[in-house]
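Both of the next two complexes hold chain A, though its partner changes from chain B to chain C.
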Partner chain A sequence: MLLTVLNVVVGGLIMGGIYALISMGLSMQYGVARILNVSHGEFIMLGAFFTWALHTAAGINPLLCVAICAPPIFLLGFALHRTIYKRLRDVTRVSGLFEGNAMLVSFGLMFVIKNIALMRWGSSPKGYSFMAYSVEFGGAVFSANRLLVLAFAVCVSAAFYVFLNRSRLGKAIRAASQDAQAAALFGIKINRVMAICFGIGALLAGIAGVLLSMIYQINTAMGMNYTIIAIIVVVLGGLGSIPGSLIGGFALGLIGSVVAYIEPSLQLVAYYVIIMALLLVRPKGILGR
Partner chain B sequence: MLKVKGLNVAYGGVQALWDVSIEAGEGEIVALLGANGAGKTTLLNAITGVIPALSGEAEFEGRRIDGMKSAELTEWGIAYLPEGGRLFPDMTIRENLEMGAFPRRMWRERAKRLRDVYAMFPKLREREKQLARTMSGGEQQMLAMGRGMMSNPRLCLFDELSYGLAPIMVDEVFGIVRSLRERGITVLMVEQNAYQTLELADRAYVLENGRVTLGGTSAELLGDDYVRKSYLGL
Partner chain C sequence: MGNPGLRLDMKKSVPFAIVAAALAAVAFLPRFASAYSVVFCSSVIMYAALSLSYAMFSGPTGYVSLATAAFFGVGIYTSAFFGKSLPLPALMIAGGVFSSVIAFAVGAITLRLRGVYFTIFTFGLVELLKHFVLWTETTFAGTRGRTVASFGSVTVFYCMLALLTALLLAAFLLRRSRVGKALSAIGESEDAAAHIGINTTAVKLLAFSLSSFAMGAAGAVMATRWAYIDPGIAFNSLMSFMPALMAIFGGTDRLLGPVAGAIVFAALEEQLITRFPSLYMIIFGAIMIAAILFMPSGVTGLIRRRPAKRKEDVPVGDS
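Let's turn to the complex of A and B:
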């Protein structure tokens, strides 16, 4: 019994770590740049496929792929904001209108990225094996790669949290998310901060993709599910709240793990039930105001 | 020395400021009085280039400031406290203060700046870890002033510092403005609270429907029949 609990909890934390990463990413994009990025999951997919390709074709260690994939994925997000979303914001002055239009653009982006990947890699599942041996932990047995993924997700989340709270840029990002106009008065370059936030969002998704490829099979259509989960977590945690996304990510991972233990096919259903219940009780999410 | 010459500003097709010219000498407290919608905030925004002017200019210590970027403005020694404080609600007192020294060169010296500001506002130091949104209205206004002081400005533009404050807090806030004058800082303050403001300021202008209709020393305005009737309710 105790072993089962440990298994379910660790499994939930692993999923939760991934959820936390992708949700913090989405939260950056929505909270600061006001873009509900429906193509978020495609960056997860890109991270996963880059890693798979680098590992199977060139034998590069998947962990090293985090460092290799991070800069180009960040730059891709940054450039997308600079070329598309910033322009969109300049022509749509009304913020409600911008949010709607930006979401439509990100829908388009989702199809573009997904279809390019489909052309390149096809639709069949891909995978590789990495650190697939098992280790014992408190009497329960886990595969090493899953524990590694958990450790990595926790470290990246923590580093990101420290970055937001301690660095000059991190503070500028938080200030901009709380009052963009006032932030601009103090010399914070809002357009640049927004592009950086969009890039960071893509980056966190990309890292999550690298990690996912170590423990699951991947396919070019995998993005959408994660986008939905990230949206659920971001709403759950309070729109734009980074701590909310962190807590919400782990909470949803744990709940998902428990539900999956009882009845695997109910996992996504459970997520929706939770979010509906929560929104009825706390319309602004766990940490929302 | 702040010199504003012939500013005209319009929103869409509607003109909000007409040929506004005002001045503030070094270490002077100059007040800008006017009813709601007179154009006071618009004037401060035009001076700082937050909104572009149709024509006219603003210069401070010989440099044109209306077209400057915010970071340049801060570095040139100008602090603008917008209406309503505009603190960062989910940041701590200390973090809010730090943002006042955001331009890179100041950021490096923010520890020293923080010490100076804490000396001016000891209450802020005691609570530096508290979130801004949990402070009372008066404390928030203190924090907004402290944040403005972080860049060690020579010119402060204040938009309705006393708005929504209890009388005792207004006294405290105005006391701080007075202490700025002692440090040689030039102050241009927008207020609706005419009587107390005129007691504090050296000079004042009256803005009505986007035009400067009166200007003079505070003593002159306090003695002016029109001001007494329309703004002091006497």
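Let's turn to the complex of A and C:
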């Protein structure tokens, strides 16, 4: 019994770590740039496939891939905001309209990125084996790569949190998330901060993708499920709240792990029930303003 | 249509007559055209009906609803359950009624959500229904999919055409009615609309249920064209995006904008989807982005800008 509980909890924490990463990314993009980026999962997919390609073709260690994949994915996100979303912001002045249109644009992006990947890599699942030996931990057995992923996710989350709270740029980002116009009046280059936030969001998704590829099989259609989960977590924690995403990610990972233990096919249904119930009771999320 | 009320003067009845003539001409299509083009035209009409019903609610209010696939899927499952015992028109009505009942229930609790929250919820509804139906089917019926009774492509064609005609009429009347004006007012400023005494919840709920009726009816008809359905086919989220994109591309300000968008994309899909499915989706996505960035009021918005000065000054939903 105790062993089962330990298994379920650690399994939930591992998933929760990944969820927290991707949700913080989405939260950055929505909180500052006001874009509910539905193509978020596609950046996860890109990170996973870059890693797979680098590992199988050149034999590069997947952990090193984090460093290799991070800059191009950040730049991709940065450039997308600079070109597309910047223009959309100039075209639509009403903020409610901007949010709706930005979301539809990101749906368009999702179709484009996913299908380019599909043309390049096909639809069959891919995978590789990395650190696939087991470790005993309090009587329960876990594979080493999963524990590594959990540790890595926690480290990245912590580093990101410190960056937001301690650095000058982090301060600018937090100011922009509170009130973009006021922040701009205080001399913060708002378009640049928004593009950086969008880039960071893509970057966190990319890192999550690298980590996912170490423990699961990947395929070009994997993005959407993670997008949905990220949206659920972000709504759960409050749109735009970074600590909310962190807590929400781990909470959803644990809930998912428990539900999956009882009835695996109802995992997504449980997520939706949670999100819908929450939207109705507290639309601003647990830690939302 | 700047002038409310139902009086039709000569100038306004011309486009009305053109639309009626076009629909009548399409009605004779099965007599001359090949079986294949009848099937193709049914798809075009289906997309036109879906994007028109999307635009009916989302156009004036600005609430982006991605629940189209959910109501379409409810219609599909209506046909799957009752297809063997009911005639097609009855299935249409049943599908429509089921959809609007669900829309009413869902709308009653969600239409107080605004902006992206509402959109997330409607999108979640599709996935929730998909997984829920899949789970009930595998658990209680012991199967993944179902077979659907067929009624022949000509019957499907006429049912879809009747639906589109009714929908055009309904959308036309809705725009000129007090409810239509109220919807536009909500789209401009919901708080202001509430302040001047509009019961915003009731109005939104009415329009949302009405538009979902047509989606469910369309699903009930189209289901009979596929011999086999499963939750993945019935609740395909692409069916939420296509009507939205078609309506945005065509322009939701104008009654025929969504229809124009539907024709363009149905033709594009027909040309590309079987040969280059990935390429089609890339083009689809790219046009979606370009349409939002460069044509905020759609194709019909571009046309209107130049010669329309003498006809109407202020289109409904844009004023």
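One rule holds in what follows: the second predicted complex is superposed on the first by the 289 of 289 C-alpha atoms of A that agree within 3 Å, B and C clash if a C-alpha of one lies under 4 Å from a C-alpha of the other, contacts with A are read in each partner's own complex, and residues count from 1 in each chain.
Just so we're on the same page, contacts are C-beta pairs under 8 Å (C-beta built on N, C-alpha and C of every residue); 3 or more make two chains touch, one makes a residue touch a chain.
It should be emphasised that the depicted structure is a prediction, and the values quoted were computed from it without experimental measurement.
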| item | value |
| --- | --- |
| Partner chain in contact with A:262 - chain B first, chain C second, else both or neither | neither |
| Chain B versus chain C as contact partner of A:155, first or second or both or neither | neither |
| Which superposed partner A:67 touches (first chain B, second chain C, both, neither) | neither |
| Which partner, chain B or chain C, touches more chain A residues | C |
| Which superposed partner A:3 touches (first chain B, second chain C, both, neither) | neither |
| First, second, both or neither for A:275, with chain B first and chain C second | second |
| Touching partner for A:101 - first (chain B), second (chain C), both, neither | second |
| Touched partner set for A:75, first chain B, second chain C, both or neither | neither |
| On chain A, positions contacted by chain B and by chain C | none |
| Chain A-facing residues of chain C, complex | 62, 64, 109-110, 113-117, 119-121, 124, 127-128, 131-132, 134-135, 138, 241, 244-245, 248, 278-279, 281-282, 284-289, 292-293, 296 |
| Residues of chain A touching chain B in the complex | 168, 171-172, 174-175, 178-179, 181-188 |
| Sites on chain B touched by chain A in the complex | 48, 50, 69-74, 80, 82, 86-91, 95, 98-100, 102-103, 107 |
| In the complex with chain C, residue positions of chain A that touch it | 30, 36, 84, 87-88, 91-92, 96-97, 99-101, 103-105, 107-112, 114-116, 118-119, 228, 231, 235, 239, 265-266, 268-269, 272-273, 275-276, 279-280, 283 |
